[in-house]
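What follows are several structures.
Paired with subunit B in one complex and with subunit C in the other, subunit A is shared by the two complexes that follow.
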Partner chain A sequence: MDMDLSQYRDLFISEAVEQIDTINKALLELESKPEKSELIGEIFRSVHTLKGMSATMGYDPLTDITHELENLLDQLRIGALPISGRVIDLLFSAVDTIGGMVEEIARGETVALDWKKIEEVISEISGAVEEIAPDIADKLVSAEGKAGPPDARAVSEGRAGGEEIQLSEAEKRRYLSVPGTRVLRLTVVLDEDCVLKSVRVFMVFRKLAQLGEVIFSIPPVEELEDEKFEREFIVMFATQKMPEAVQRALLGIAEIADVKAEKVLEAGVTQGGEPPEGMTEADLGAVARESVRKSSTIRVNIDRLDRLMALVGEVIVNRARLEEIAAQSGIQELKDTLDQTARLTSELQDEVMKMRMVPVENVFNRFPRMVRDLAKKQGKQVRFLMEGKDIELDRTVLDEISDPLVHLLRNAIDHGVETPEEREAIGKPPVSTVRVSAFRDRNYVAIRVEDDGRGIKASEIFDRALAKGLISAEQREALADSDLLSVLCIPGFSTSEVADDVSGRGVGMDAVKNKVESLGGSVTIDTSPGLGTSATLRLPLTLAIIRALLVGVSDEVFAIPLRVVEEVKIAQPEDIRKVGGKETLISREKVLPLIRLDEVFDCRTKLNGSEPFQVVVIEYGDKRIAVEVHNLIGQREIVVAPLDIFLRNVEGFSGATILGSGRVALVIDPASLVVNL
Partner chain B sequence: MAPKVLVVDDAFFMRMMLTEILTNDGFEVVGEATTGIEAVRKYEELRPDIVTMDIVMPDMDGIEAAKRIKQIDPQAKIIMCSAMGQQPLVIEALEAGAMDFIIKPFQPQKVIEAVRKALRAVG
Partner chain C sequence: MEEGAKPDQEEVSIVTFEVGGERFGVDVSNVEGVIEPGEIIRMPRAPDYVVGITNLRGKVIAVIDLAKKLNLAGAGDAAKTPRKIVVVQAGDLKAGILVESPDVIRISQSVIEPSPVKMPGESGGAFVRGIAKLESGLVVILDIEEMFGRWAEGVGVEVVRQEDNKEQEA
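Moving on to the complex of A and B:
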C-alpha cells in the first residue's frame, strides 16, 4: 500500500509550526526560570513529536536535527547536563534552524535545504553533549543495553561465532531428565527492514520464556542486544511444546520473517503443559478517572472557509435580488418570508465571519522570541509586553499583518530603544519597555507598537530625506511635524545608517503603510523626542464583506467602502476654488482637494457647473478629499470579489461586487484616489 | 465486523496517518486520544479490540497508560508507537504488557502486520 504523503503536507506544516511555537515559548520561560525542569519535558515532547512527524513525511534533515536535539534534551532532563546560557542559545538556534526548514517545506523548496547549516547545528549539539558530559555516549549505550532478556543472560561464553552447536553432556542429561522435553534449534529471521532489532530479540526471548527455557543463542545474547547480527540468529531452546507451536508463536511477533524449528533432542513421553499466563484480576478501583479536557475544536482547511464565505456572499446577493422582486410584486407573504430569510442569512454570515476570526495571539506568539534575540544582539535591555492577545481578526487580515508588525517591532528596538548606558545617562531606567497591544476600535482592530525609547525628531528625518535627495529643498521647507509619517514612508527611506541583518532588509515604512492600506487599514505614528514612539495600525475586522456607500456617476454605479466615508454633503459651486490649476472645495473652513469621479473614470458628465452637487468626503490615512458624485444610492452590505487577473492592474478599484439587481459595481479603492494628489 | 481500534497520539498529524493506514485496511478507528489519561478513559468507554499507543505524550505517557489499561482489562491489546532510539522505553512498555510496537516513520504494511498479529494473539 502506497501512501500519498503530499496531502499531509499542510497539516504537517501547521502542526510543526505549533510545536515550534510551543518550544520557543517554553525556551523563553526556561531562560528566566532554569530551575523549572518541567519545561524541559515540555520541550522534549514537542521535539519528539516533530521528529516522529518529520520521519513520517520523509524529511530526513529535520528528522536528524530533531533526533540530535532530543539527545541533548534528554541529557538536560536527567540532569547530566546543566542548563546554561550557552545551552539555551544552542537550543534557540536549533529551533530556528528547524523553523527555517519548516518554512522551506512550506514554500515547497524541499531541495533547497541548507545542509551545511544543518550539519553545523547538529555537530554543535552533539559537540555540546560531548564536551559537557563526555561519558554520555557510554551512558546511552548502557541505557539501551538494559534491554536484555533475563533468561538468556546466563549463556556461557565460547559458543559464539558460528561454532558447531553442541550441548554439553551435562546439559543433555539435565534437559532429558524431564519427561516430554524437547530441545529445539530455532533459526529466527527478522524482516529485512526491521528497526530496533534488539527489541524484536527481546520479544522473541520473552515469548520463548513463556514456552520453555532458552539454553543459549548464537550469537550470544549480549551481541544480539547490541544488534551485532544481520537478520538471523539461532536459539537452542528446551520446551515441552510441539516445534510447530513454538514456530507459530514466534511468527506471531511482528517483523519476524521466518522461523525454523528443528528437533535436536527429545526425551521420552510428551506431556501437554500449558504456559503459565498468570493474569491477575483487574483492579478497576485503582484506575484513575481523572477528567480530561475534551477537545471541542476541529481543524478545517482555510480554503473551505473561503468557499463557505463565497457561498454565503452569493446567498446574500440573491437575497437582495429577491427583496427587489418582492418589493415590486407586493406579495406580503413573500416579503415576510424574505424578512426571515434575511435574518437567517445575516446570522449565517455572522457565524461564518466568526469562524474566520483568529486571535492575534497567533501572530503575537512569535514576537517575544524575536524581541529577545534583537535586544540581546544589540546589547539592549527590553521588557516586552503584549496586550489584547485574544482580540480577533479575520484570518486573511492577520496573515498579511504579520510582516508589518515585525517591521515595526524591529524599528522600535533598532532605532527607538537606547542602550542601557544611554538610558541611564539621561536618567531613564536601564530596562526599556516595548509593548504590542491590540484593541477594538469600533469596526476596526487597532494594533499598536510602542516603545519608551528616544523618539523621532521630525526635523532630523526631514533633513535626512533632503540629504538623500528624496525631497527637494522647497518641499523640505514646507514640511511640518505632522508630515513625519509621509516622509518616513517615502520609498527608499531608512533611518538606519548601516544595513545589518536586522534592519535594512529593504522593507521600509513604505512597505508597512502600503500593506496596511491595501487591507483597508491605516497607519498613524506618534512620537515624542526622548520619550518614545508609538505606531498604530488600524485594521478592518474583515475583508470579504463590507458596508459600502453606493453612488451613481453618470450611468455607472460605484461602491465606496463606508469606513472611509467621513460625510456626505451638498456643495455649492461657489465653494470651489482653483489652487495651482487644481480644483479644491472649501468645506467647514478646510480646503479639500476635489475629485470629480466622472473625470477620473472617464464617464460622461451630465452636470453643468452651476448647480449644487453632492460630494462624499473621504478620509483616508491622514488625507481628506472631496469626491463629487452624481447621486447617492444608499448603504449596502456588499461582498467584495477580487478583480480578475487581467484587470488587477487597473488603478482605482479594489474589487467588484454584484448588486441586488444583478448589475456589477466596481469598488473604489480610496488609496488610489489619494495617491495622485 | 471490522476490528475496532483506538488511536492514541498527541500529534494530530500522526493520528491522521494511522487512521488512514488502518481504515484503508478495513479497520475501524473508533476513537482517538491525545494524552495517556484520555487514552485510559477512552479505553474504558469504547473497549476497542486494539490500541495504538504513542509513548511520549503530555499528562501521562504511553507506558503508564498501557499499564493502567492492562489493569482495567488484562486482555487489552496494545501496540506501542515509538521513534528510533527508544529501545529502553519500548522494552519497558512491553514489560508493562504491550504486545508489540511499531516504529515511526510508519510503514503501512508494518502497522497492519503488527495490528493483525496482535489481534490474532492471546492478550
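Moving on to the complex of A and C:
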C-alpha cells in the first residue's frame, strides 16, 4: 500500500504546503479582521482538503489532527465559539504542528513524530470545543448529519416547493467563501418505469460526490435510499462546475428522465446580483480569474522542467555549432533551414523560460506569518505590507533568494524596528511599517525590503567591526558611509550582541550578498538614521541561458554577460591617463577605470600598449569600467553552467559555458571586476 | 546483497591509476569513467592543483593534478606526459583527475589496511581510506567523499555521501 502511494508523496507534500500557506494567510487576515467570517470557511476548506489527502495517503496522525481542527472550525463557523486571540494562537500552533508533520513526511519515509506534542495540540483543540455549551454542540452534530440542521428548512410531504428551501446563513457563508463555487438546486426525475429507484439514487449521489459536495436533499438521503419518494427528488449541491455540466453528467445515468439545475447561489454573486459584504469589484474579478487559472493548470515536477531546460540548452549549443558549419560550407539551403531552426529554438526557449517563471508570491506568502511571530515575540508592532506579488521570476532564482529575503526581513524587525515605546518617545507612530516589494527594473526584477525603523549609523557599524577585529584601525579611518554594505558583508560580522535563534548567528549580510551575486544579481542598501533602512536585491529574470559577448584575450576565450555591456569601442593609447597609479581611460569625456584582462587573468601574451586596442565598457551596479580585451568574437546565446562547488570561490567567474565548437569558456563575473575600485 | 557477505570476504572493484610515481585507487562506485583528455581550459586564479576545466559530454568539470594536491615528489609535469582523465564523483560533485595507466582490479576487502603513514599535503591523510597490499605493490585507496568534502568545506556545502543518495532514490 505504502509502496503504491509513495509516488504520490511529492504531490501530497506540494499540495499540503499550499494548503498550509492558504490557512496561514487566512488566519493572519482573520486575526486582524475577526468579523470576516468567510475566512473561516476558507480555512475549513483547506483543513478539510488536508484531511482527505492525509486519509488517502494513510497519514493517520495528520488525519486525526485535521479532524479535530475541523471540529473546532465548525464551532467558529456557526459562531458557537467566539474568535479570540487564544483561538487564533491555537489555530496557528495547530497549523505549525501540521506543517511540522508534512515536513517530516517530506524528509523521511515514514511519519515518525513527536506524538506527545501532537496529542497536546489535539487535546487542546478538542478541549476548546468541549468548552462550548453541550446543546450548541448537539446542534452541530445534527448540522453535520445528512438530515440537515433544524433551522429554516421546511420540508413538505416529500415534495418541496422552491421557496421553502433555504440554506442556513452559516452554510451560505461557507460556500460563498470559496471562489468559483456555486450552489445548485438539482431536480432529478426518474423514468416512470424505473424499478430500482434506490440504485439510481445511489448512482446520482456517487456522481455528485465526484463533482462537488451534496449539502442536503429533499427528501433526506435515508428516505431516498428506502425509496420513500415518487419519481422526483431535490438535491442542494455545491460545486465548481457549470450547471450544464452537472446536468449532463446526471443525464448520463440510466433511467434518469430529466434533470433541472438551477443556480441558487454563486460565490461572489448572491441571488440579487449584489456582491457579498466586503467584497469589491476587484475581488470579484480576482475570483473569476483565479477559477479560470485553476482549471487550466497542471502540476509538473520541477526536475522535469529542469531537464527540459537543459535539453533546450543543448539544442541551442548544437544550433550554434551547426551555424558555424553552415557558414563554412556556404550552402544557402542549409543556412535558410538553420535560420528557421534558430527561430523555432528561440521560441522553444522562450516558452520553457516562461514555464519556469513563478510569481514571487510563492515565496512572499510565508512572510506575513513569520513577521507576525517575530514581532509578537519581541513586543514590536509591525504593519506588514507586500507589493508586486505577481511579479514573476525564474523558479530557480526564486528558490535561491528565499533565504536571503528571510534574513533581510529578520534584520528589519530585529535591528530596524523599535519597540512601540521607543517609537513614541521620538514622536513616531507606535506601529512601524515593514514593506516587501517586487518590481521590474529593466532586465531585472528588484525586490526591496524596507522598514521605517531606527536606520543604521554607519560609524557605529564601523566601530563595531573595528572592535571585533574584522578591520584594522587604518582601514577604519579610510571608511566612508558608502562602505557600509561592504562592512556589513564582512564574513562573521553581525550586529546582534547576543546570538539567538532569530538572527545574529554570524552568517549575515555576507551570505545574502554572496547568494545574490552568485545569481548574477546585486545588493544595495540605503539607510537614514532615525528614518529607516531599505535593502534592494536586483535579480536577473532568468538564469541559465544568457546573451553574452565572447571576447578573446591572448589565446583564451571569455564570455561577458551582454546585459552589463554598455558599449564596445576602439581606444587609443593616448586616451589612457594614470590616476593615483592606476590606469584610467577617457571615454566620452568621462574617466573610466581601465582593467586589462590579460593582466588580471595573467594570460600568456599581453598587449604592448602602443597601439589602438579594443575595450568593452561594462556597467555594473552604479559602476562603469573599461575592460581591455584583445579581440571581439561576437554575441552568442550561451548556457551558463555553474562551476563546481570547489571552484566557485575562485574569484572572477560566475560559471562556464560550452561553445559551439565544444570548447569551454569561462563566464566573467562583472562584480569581481568592479569590486576593488 | 551486501548484507549477506561477511565484510572481510567481500570483494571490491577498485579503479587504480598512477600519479606522481605512486599508485592510487578509487572505489569503482566513485568513478564515472575514464576519458581521453580533451581540450583543458586554464582557469585563471584557481588553486595551482586545478589544471583547468574541460567539457565532459556537455558538462564542465574541473581537472585536478592530484600530485600537486598531495605534494607528491613527481609533481610538476602533469601536462606533459600523455594521460587519461579519471572522472570521480561523489554526490552531485564531479572532477577529473589526470592520471597515467588506469586499470580496474578486484580485491578482497581484507587486503585493505588502514593507512600506517600520513599522506603529505594539507589534509594529512584524512582522505586516504586505506592501503591495499598487492603483489604488484601498494595502492593508496582514496576516499573521494572525504576529499570532495574537504575541498567544499571552505564554501560551506555538505557533500552528500553516496549511500545517502541511494537511499533517497530507493
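We adopt the following convention: the second predicted complex is superposed on the first by the 410 of 677 C-alpha atoms of A that agree within 3 Å, B and C clash if a C-alpha of one lies under 4 Å from a C-alpha of the other, contacts with A are read in each partner's own complex, and residues count from 1 in each chain.
We take it that a residue touches a chain if its C-beta (ideal position, glycine included) is under 8 Å from a C-beta of that chain, and two chains touch if they have at least 3 such contacts.
The model shown is predicted, which means the values in this text are computed figures rather than measured ones.
Looking at the shared chain after the overlay, A:S459 reaches neither subunit B nor subunit C.
By the document's definition of touching, of the two partners only subunit B reaches A:R206; subunit C does not. Using the contact criterion defined above for the overlaid structures, shared-chain residue A:I658 touches subunit C, although it does not reach subunit B. In the superposition on chain A, A:M53 makes contact with subunit B only, not with subunit C.
In the superposition on chain A, contact of A:Y8 is made with subunit B only, not with subunit C. Subunit A is touched at more residues by one of its partners, and among subunit B and subunit C that partner is B. After overlaying the two complexes on the shared chain, residue contacts for A:A641 are found with subunit C alone; subunit B is out of touch.
Of the two partner chains, subunit B is the only one touched by A:G252; subunit C is not.
Subunit A residues in contact with subunit B (one complex) as well as with subunit C (other complex) do not exist. Subunit A meets subunit C in the complex at residues 314, 317, 556, 600-603, 641, 643-653, 656-658, 662-666. Residues 38-39, 41-47, 50, 53-55, 58-62, 93-95, 148, 151-152, 154-155, 157 of subunit C are the ones touching subunit A in the complex. Subunit B contributes residues 10-14, 16-17, 20-21, 24-25, 34-35, 37-38, 40-41, 44, 54, 56-59, 68, 71-75, 81-88, 90-91, 94, 100-110, 112-114, 117-118, 120-122 to its touches with subunit A in the complex. Note for the complex: subunit A touches subunit B at residues 1, 3, 8, 11-12, 15, 42, 44-45, 48-49, 51-53, 55-58, 67, 70-71, 143-144, 146-147, 191, 193, 195-196, 198-199, 202-203, 206, 252-255, 277, 279-284, 286-292, 295, 299.
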